[in-house]
Amino acid sequence: MKRIPSTAATSSASGMLKSIESGSKHLLIKRFTLRYPDQKLKFTGDGYQFDPKRGVGIAGSRGRHILFHDKCTGCQLCAIACEGIAEAIGMVKVDEQWKQNKKSIMPQIDYGKCVFCGLCVDACPFYALYMTDDYELSSFTKEHLIYTPAQLAIKPKYDGNVELKIGDMGATHG
Amino acid sequence: MTSEPKEKPIESSTTQSSPSSTQPAKPATQPAKPATQPAKQEPESPPFEKEIVSQILSHFGNDKIKVSYIRPLRIKISVDPSNIVEVATFIRDNLGLDHAEAVSGTDYPKDGQIEVIYQLGSYSRDDMEGHIFSLATRTNRDDARLPTLINVYKSAEYHERETFEMLGVYFEGHPRNERFILPEDWADLPPLRKEFRIRGR
Amino acid sequence: MATAPQGFRFGNFVGSLIWLILWIIIIVSLIALPLIFVILFYVPLPPVNGDVLTPYLFLSMMVDPTRTLPIVHFIIHTELFRIAVFPGFSFAALMAAVTIFVERKFLAKMQLRVGPLYCGKVEGILQLLADGLKLVSKEIIIPSGSDKPIFWTAPIAYVATAAAVVALIPAAPGWVGANIDVGLIAVFAILGFFPLIALLFSWASNSKYPFIGGLRALHQMIAFEIPFFLSALSVVLLAGSLNLTDIAEAQQPYWFIFFLPISAFVFFISSLAELERIPFDLPEAESEIVAGWLTETSGMIYGLIQLGSYVKVYALSALFVILFLGGWAGPQIFPKELMPSANATTAPPLLQLLTLQGVFNGVTVSAIFWFAIKTFGIIMIMLFIRGINPRIRIDILLHTGWYKLIVLTFINMFIALALIYGGILGPGGLLTAH
Amino acid sequence: MAKNVEPEIEDDLNKKLAIQIVKESEDDRLMRLSVGPQHPGSGHFRFTVTVDGDYIVHCDPDPGYVHRGEEKMCEYRNFIQNIPHLERPVIHDSSNIIYSYSLAVEQLVGIEVPRRGQFIRALASELDRQIYTLYWLAIYGIFLGHSTMFMWPTADRELFIDLMDALTGARVTHAFNIPGGVRNDIPDGFKDKCLRNIAYFEKRLKEYEDIFYNNPLFRQRTEGVGILTKDDAINLGVTGSVLRASGVPYDVRKAEPYDVYNEMDFKVQYMKSGDSFARSYVPFLDMKESCHIMRQLLDKMPDSGEVRAKLQPNPKGAPGEAYRRVESGRGALGYYIVSDGTPKPYRVKISVGSFRNMIALPHLLVGSKLADMPSVYWSLNYWPVEADR
């Protein structure tokens, strides 16, 4: 359990030579940087989802939400789950008539407040609220960050396809 | 847990937690269920911890020390503020508990008291590495004063200072009972007292 | 979700641009053009092709650029051109700009990132221009309680001192701003001004971190000045001259670095300390004293000091090349015949224009080429050292300067003396070119 | 053992404290420097140092610039809602800071985590430890002026952030370890990717050793600087890598193994010199050991099974209290939770390594040089946000 690690104590000259060797070696290694607007990372799965029957989530990126209007019952469980966390979800009236949603209320999410923890997805028992890959949500005004149920219903397009590659010349993105 | 009633686990907890007690370094992955009552409700205490407690009890006697619970790797005893320096010195010198991991206070407005609890641990004794010894004391809420333990446990210095500003417990003998984490112009109640309410909640 | 900021109208934007252009036209036509003509009338101008340069002739040059050749020729031979443009400040500033850009890209490559990438489309080539524009347009903040005259003067003095060093450095045979016999001593004397400026500026800033930084700069300077001089002293012993051109030409067959490797090493280390570059950038150690003596700088004050320090990088690298690497010595890179000589009139006008009527002849171009290559190599070594080393501590630095480097220089000085007394080098030595 | 060293240490420390207070007012030579909260070498933390020439004669830490009142906030939220805000103090190491919270809540609520869930959350916490330590190492590099050492760990940290992204869906603040297990199972192909990245990372560690730890200039700056002796370390109650660098082989994963750590085969890395070099080298050795642990976790993980115990939406803790600890990137991280039988905790106390290590800062800085300040300060593995909570 107890051992003294070998510190590889070297004289200053050989230490400096090793530094020089290591530094010059890296002039040949591929660059690591992800050139962001041109390249986008590929994510695992299709966004974070939750299976209420098994009580376990499905791995995926936690971007903005997607709301399935045909499944949402207006039960407010997501809003209740968010209550002590970010208070980003508010229930609003929608002009749609669904037979499972008698009150016609659906969640509206303020992404200025959302912390993307996904606990609202865990709270939804009707497979109505999932998360997607879309994380580019910036806007000029705070009002534009509030997504109405109609906006949440749209499935975002995300075309990231760059993966971390590891080869002999070091790790690189694309 | 969905169907489990709240009242049930008291008996089952004591039976479940005891087998793991033979090895002090064993993981407490078993759900060591909480004791709702003080230690006399847990008849089968782990022997190593029990022996430690009996050492303290034999030195000080039952009237000075009140054992709250004995669980695997966790012991909590409560003492009177007047005895705390004496007990802490004894614990440090004879049991090898050499540092304080945390000092925290809990406000009990119903009892009119504040409980200050020192979580003590040991780096120097191999067989007590995983143990946390909780030394608790209670003081009056309105005039909260306690003797400081920094002469016994140097490591408690900043924790006590934090407890002073968060709960308003004045530590007599502490060189700096003053603001530490809160802003310079903090003029409100100590924030961890129960009557300090966060706005809007 | 991208929307334009509120209250933005494209028409207003275009309108403001037109308004700006209008003002520029008004100012140029009312003030600048009359000024130019007044100057042209009253200032005696050089004769061009036998005629005195008149405003009419001046305007006709715009139609036929070849007519400007004599005037360009005249300007090139002035002292001002040498000091301000070619071996002097502009050349050094260009090298400094290249150094800054190369430093960023080179370190980025070493650190597995890309460096400047977007500005200028091709690998961020215009990033420096953008940074410069940013610095020019930024507000200059003067701390209250500062000594304002010194605070304003110090950055200008810093650049001016750097330019003064550069003026003494020859870049090719005959191409030097001031060819004086005590060139090396003059260089060291001027270099002694930098810590003084740093200290004055730090004192004028009226702040604690600059003060500590200024004191550190002074300590560092004093500790490294002596090994710096002494390492150059052995070169002077071998060359038998203090004139930098003479020193460069004295090492014609064999460069001094072969005889004086220890001195070269000490000189290089000392110049790193002189330049306040990692691992010796203690006066600007940002994790200890914020930015050292640069803490209160902002806007173009910071820009000028950065420019000055990179010009200094060029100056000291060039000095290293002149003292140890044989200056501009190197093989002729292309035949001399290809370049028209000074008197050639047979060459086509375009080539005449390019070679400035033989001012830059083949030998000069080759010398400048080798000189630039060597200088840049030294600069690259400095950048590489920055990439692999942390900052040194002040007491280790002082210890290194006072105890180790001085001793090392003496070792090499004795070697140099032995070489001279042994008749191998020095005036009339075996290996000296005659 | 405590008996024979205690009195002199105590005297020594008290004397030091007395000197600090007197010196501040009397002497004119002294200059008081403020380090932080906007100083490039402090983070969200302020401490004032008084220097006499180049020597520090007094140091007074002043934390609290990022105090969020996490402990008070906990009292207003139920056990599940507390998770997202509790991981804010250390967003890189959020799996660990939630780990001990989950352990304590599980003890109070009385649930057992499925075995596969235990493995996955141990894996997540090891990955987060790597992410944190690499970030720490990067900052240590730039504190000493080594810009390359800032960039390499920052880049290589991406290897593990990538894995955490695939596992949890978020790059930082994962909200992944929750009372009762983990949020989701590992995705397909995760194991291979993880092994590949670990193998590459171990190669990279050699380069760090070459360019940073064996660099003579780095050695000169850190060796013999800010020595914390073993007795002082015990007495001041420091934890984590600072403690282990002073010669106390203490690791909560060994001392009090939680979840599956008693099945893991690993060594507690420690050094005896107790200087800045040891404090910076022990996390490096920990990273190596952590790679080793991760391989074992992936190897021994059951192929299938539940990952999360069923927990009702608003769980109630049984009345009582619990104190559970884990080993985080900065040392022991304990939660003391008092429950009164309601869905909300009655009192939550977070005992963090950074706060415990802060006491060593004045102890080490007084008497050392101003130039040693960054190397001593950041070697204490101090994360200001976590200390403020």
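First chain written, first letter: the chains are A, B, C and D, and each begins at residue 1.
Here, a residue touches a chain if its C-beta (ideal position, glycine included) is under 8 Å from a C-beta of that chain, and two chains touch if they have at least 3 such contacts.
For clarity, every value in this text was computed on a predicted model and none was experimentally measured.
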Third chains touching both subunit B and subunit A: D
Comparison of A-C and C-D by number of C-beta pairs in contact, larger one: C-D
Most distant chain from subunit A by Cα centroid: C
Geometric centre distance via CA averages, subunit D-subunit C, whole Å: 47
Chain centre separation in whole Å, for subunit C relative to subunit B (CA means): 68
Gap in Å, rounded to a whole number, between the CA centres of subunit D and subunit A: 25
In subunit B, residues with contacts to at least two other chains: none
Residues of subunit C whose C-beta touches two or more other chains: 110-113, 387-389
Subunit D residues counted as touching two or more neighbouring chains: 76, 148, 155, 211, 215, 254, 310
Which chain pairs touch, all of them: A-C, A-D, B-D, C-D
Contact footprint of subunit A on subunit D as seen in their complex: 76-78, 80-85, 148, 155-156, 158-159, 162, 165-170, 173, 175, 183-187, 190, 196-197, 200, 207, 209-211, 213-216, 219, 249, 254, 267-272, 281, 285, 306-308, 310, 313
Footprint of subunit A on subunit C - complex, ascending: 1-6, 108-114, 117, 384, 387-389
Interface residues, subunit D side, partner subunit C - complex: 31, 33, 39-41, 54, 141-152, 155, 211-212, 215, 217-218, 220-221, 369-374
In the complex, subunit C residues that touch subunit D: 107, 110-113, 208-209, 212, 278-279, 281-282, 285-291, 386-396
Residue ranges of subunit D touching subunit B (in the complex, touch as defined): 1-3, 6, 9-10, 13, 17, 21, 63-64, 67, 69, 71-73, 76, 106-113, 118, 180, 233-239, 243, 248, 250, 252, 254-262, 309-312, 315-325, 332, 334, 336, 338-339, 341, 346-347, 349, 351, 355-356, 358-359, 388
